[in-house]
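Listed after this line are the structures, all set down as structure tokens.
The two complexes that follow have subunit A in common; it is paired with subunit B in the first and with subunit C in the second.
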Partner chain A sequence: MDAICEKIRSEILNISHKSGHGHIPTSFSIVEMLVAVYQTMNHDPKRPNMPDRDLFVLSKGHASLGFYCSLAAHGYFNFEDVYAFGAFDSNFGCHPDRTKVPGAEASTGSLGHGIGLAVGMALGARIGNSGKKRQVYTLIGDGESNEGSVWEAIMVATNLKLDNFTVLYDNNNSQGRCLPIPNPAERFAAFGCQAIEVDGHDLAAVKRALTVSTDRPRVVVCNTVKGYGCKTLSDNVYEWHRRAPKPDELNMLLGELHAGNV
Partner chain B sequence: MRNKFAETFYELGKVDPRLCVVVADISPAGSIAKFRQEFPGRFINTGVAEQIMIGMVAGMAQRGLRPFAYTIATFTLYRPFEMVRDDLCYQNLPVTIVGIGGGVNYSTLGATHHAQEDVSIACSIPNMNVIAPCDPAEVEAATRWCAQQEVGPVYLRLGKAGEPVLSANATTPWTFGKIRTLREGRDVCILTYGPITKMACEVADRFAAGGRSTSVVSVHTLKPLDRDGIAEVLARFPHVVVIEECAPNGSLSMRVKELAWERRATCRLDTFTLKDEFIHCYGSHEDLLAEHGLSTNKICVALGLTSS
Partner chain C sequence: MRATFRNTVTELAGQDDKVVVVLGDISVYMFKDYWERHPDRFYNMGICENTLISVGAGLGSQGYRTFVHTICPFLTDRSIEQIKLDMCYNNFPGNIVTCGATFDYAWDGATHHAYTDLAVLRMLPGMEVIQCGSKKEVDALLRSQYNNDHQTYFRLSDHPHTIDTNLEFGKGTVLKNEGSPVTIMTAGPILTNVMEAVRDLPVNLVYFHTLKPIDKDLIRQFRDTEILVVHDAYGLYEAISEVPALRMHYHGLPDAFCGWYGTVHDIRKRIGLDPAGIRAAAMALIQDRSQAA
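Showing the complex of A and B:
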């Protein structure tokens, strides 16, 4: 595991323990995807509203803790700022609020929304194009993709040939228990997207997929594991879906993480 | 109203490159068709997909554009309600949702196409602004305001076609958030908005024929409501009547009654709304309104004026 990803995961555990909140397994599954985006996109953490920045929208907003820790790892703020996660006067809620979090382009939480906003942003970047092609990235979950709105957004994005629009699809088997979406890459390709399937925990592979040139919307299907990095989490995803570790559990999970036994 | 909106939008869009229109399976006609032809990049048809229509106008507004989402009133609010609430209102973005055929205007299409609760629903969402012009002239003024406003999301409720100009003798220009007197009177004041203003004017004529001088006031902005303006009406007139094409719950009528209680108004207050019912009939717009209890004669009878 790359050092930055291990650091983000350890902070997710620490903050969840301290605050008593957080969806840890789903935050763990997207760490490499987030790092890949922030290591690829045009952004400046010291100027989060930089006019010509690329945009990222976390559509599966309940993975906010992973998002905040990734922003912190890339210099938007300190990890310590996030320790008040979920507290009354904190900027860091259990779903992101764009009016409070530097780097959050949309306030999300209800599933199936961020992708539509991102389609509008990609089109807006094209209509208001000042010469530079601005990229828009959104990260959606496989469970979220049970929502029909996701597929409405994909159909419109392909119809508009939004070649500056990238979806990162967190294929972490969230919906295996109820409404699975088999062969997602084939489905997105059938809808007219450029679909690329990668190991979502291979940072270099995700980054390569994000830079493949395309003339249409791109979907990077990232095959991931909920709770990746801690066997206790990945083996017990339902129990840990929304649960903060107690002190002894924190030490155990940090031990598993740092042992690198995934 | 529909044509006046399209004409106005086209004129504004020619000079403001931020203006875009996103429709959901609406066949563009008239000036909207001209806009599409001249500015194809700023006309987007999502197909029968209202959730993405609303989601994407939110994203576009966030990137500095001034998009209008445009379709039949029911489909602007009901189908994509959570997108309206979360993507537009929660993010507080300057987008105009244009609902065509508000109320029971789509009279032959059954209740699936009756936007009888649209005003109540839109007014109930934080940050949402709600405008329902009374005639084509107010549509033009409201559209111009919507195109340049930075306030936040707007639900612009329009009729369809054939509405007469009723505001030619208004005492003041159209101003967002302010009631507007269309005709002056002393004894009775009718508060109304939208295409049913025509009926309100006919009721005012009946009052006048009976010797009671009657004001007609366009409450074109339902949110934010001009509470001070309405309170002044309640204090000034001995008899106030509300006539509106909206279901009773969350209606202007309900809010005027609330205000009357708060301000200890002593006037007589009569209100006329759509029923809290689905109407299983077809026919003309007037037929549907009448089935809901809203016709000039029915209102006059209820008010003790000349019977039909």
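Showing the complex of A and C:
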């Protein structure tokens, strides 16, 4: 595991423990995806409103803790700032508020919304612009993709041939229990996207996928494991879906993380 | 009203390169001239109302002044969460313009009726709600509100009134002030029927096109009268009741799907919103008031 990803996961555990909040397994599954985006996109953490920046929208807003820790790891603020996660009057809620979190381009939480917003942002970057366009990235979940609005947005994006629009699909099989989406790469390709399937925990592979040239919307299907990094989490995703670790559990999970016991 | 909407927005787009039109496969050929002039700011996006709103909000986030337009119940009922979250909660500005007010598509049945849009959208933080009644109101209010930092709802109808009103956003109009103990308050296109019903009756008549913010100062001027609220869509009655301790009387939609087909006039007649029904309600209130006195 890359050092930055291990650091982010350890802070997710620490902050969840301190705050009593957090969807840890789903935050763990997207860490490499987030790091890949922030190591690829044009952004400046010291100028989060830089006019020509690329944009990232976390559509699966319940993974906010992973998002905040990734922003902190890339210099938007300190990890300590996030210790008030979910607390009254905190800037860091259990779902992101764009007006409170530097680097958050959209307030999300109800599933199936961020992707449509991101399509609008990508379209806006194209209007009146024949030159280099800003890139717009959004991260959606497989559970979120039960929502019809996800597929509406994909249809619109492909019809508009938005070549500056990238979806990172967290294929962590969270809907295996309910309404699974088999062969997602085939589905996105059938909708007209450039679909690339990678190991979502291989940071280099995700970054390579984000830079493959395309003339259409790009979907990077990232095969991931909920709770990746701690075997206790990945073996017990339902129990840990929304739960904060107690002191002894924190030490156990940090031990697993640092031992590389994924 | 739709032609006025088209004309005004086409003119605005010629002056403001941030104007973008997003259609849900309605009014497309009406916008042919706009489309030819501004092809990169015109999108007939598809029959996908949720995404129309989300994409419109995304465009708003990038500084565009978007007009999202399609049929009223489909856009407002189906996409209420997108309006609430993607536009209002995110505070991305934009304009929603609908056609098919209340019973405009009477013959299509209740799937095409719009009962709740004004009332529901009025409750969303930041939202401006306009029930356009005349073509002049459409033109004036589009111009004054399209490029502010709010989310603005414009409700168009195929049956506008032709009465001159105050065209200022947020302001109502006193159309009759007879010092009467009975005041009729109404909004939008049904003013045609209301005016016909009460023109020669001893009542005051107050009209609104803006339901949010409602003109409370104007309402307070009539707080000591019996107020009969005549409406063909939920929202006005609730807006007026923001002023406390009024003596309000309801004359509007029944708690029923009015799926009797025919025309808007047929349905209005059945539920007492034709001129005769409105006149009867006004006269009954006048009579009650006389007996009480």
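The rule we apply is simple: the second predicted complex is superposed on the first by the 259 of 262 C-alpha atoms of A that agree within 3 Å, B and C clash if a C-alpha of one lies under 4 Å from a C-alpha of the other, contacts with A are read in each partner's own complex, and residues count from 1 in each chain.
The rule is short, and it goes like this: a contact is a pair of C-beta atoms (placed from the backbone, for glycine too) under 8 Å apart; a residue touches a chain by one contact, two chains touch by 3 or more.
Quick caveat: nothing in here was measured; it's all calculated off a predicted structure.
Asks: Just from the overlay, do subunit B and subunit C fit on subunit A, or is there a clash?
Replies: With subunit A as the common anchor, subunit B and subunit C collide in the superposed model.
Asks: Mind working out whether A:113 is in touch with subunit B, subunit C, both or neither, as first, second, both or neither?
Replies: Both partners, subunit B and subunit C.
Asks: May I ask you to decide whether A:33 touches subunit B, subunit C, both, or neither, giving the answer as first, second, both or neither?
Replies: A:33 contacts neither subunit B nor subunit C.
Asks: Output check: A:128 vs subunit B and subunit C. Expected answer is one of first, second, both, neither. What do you get?
Replies: Once the two structures are laid over each other on A, A:128 reaches both partners.
Asks: Contacts for A:152 in the overlay, against subunit B (first) and subunit C (second): which applies, first, second, both or neither?
Replies: both
Asks: In the overlaid three-chain picture, which partner chain does A:98 touch, first (subunit B) or second (subunit C), both, or neither?
Replies: A:98: touches subunit B and subunit C.
Asks: Can you list the residues of subunit A that touch subunit B in one structure and subunit C in the other?
Replies: 98, 105-107, 109-110, 112-113, 115-128, 148-149, 152-153, 155-156, 159-160
Asks: Can you name the residues of subunit A that touch subunit C in the complex?
Replies: Residues 98-99, 105-107, 109-110, 112-113, 115-128, 148-149, 152-153, 155-156, 159-160.
Asks: Would you mind writing out the residues of subunit C in touch with subunit A in their complex?
Replies: Going by the criterion above, the answer is residues 17, 20, 40-41, 43, 45-46, 48, 50-51, 53-64, 81-82, 85-86, 89-92.
Asks: Could you list, by residue number, the parts of subunit A that touch subunit B in their complex?
Replies: 98, 105-107, 109-110, 112-113, 115-128, 148-149, 152-153, 155-156, 159-160
Asks: With touch defined as at the start, can you tell me which subunit B residues reach subunit A in the complex?
Replies: Those residues of subunit B that touch subunit A are 17-18, 20, 41-42, 44, 46-47, 49, 51-52, 54-65, 67, 82-83, 86-87, 90-91.
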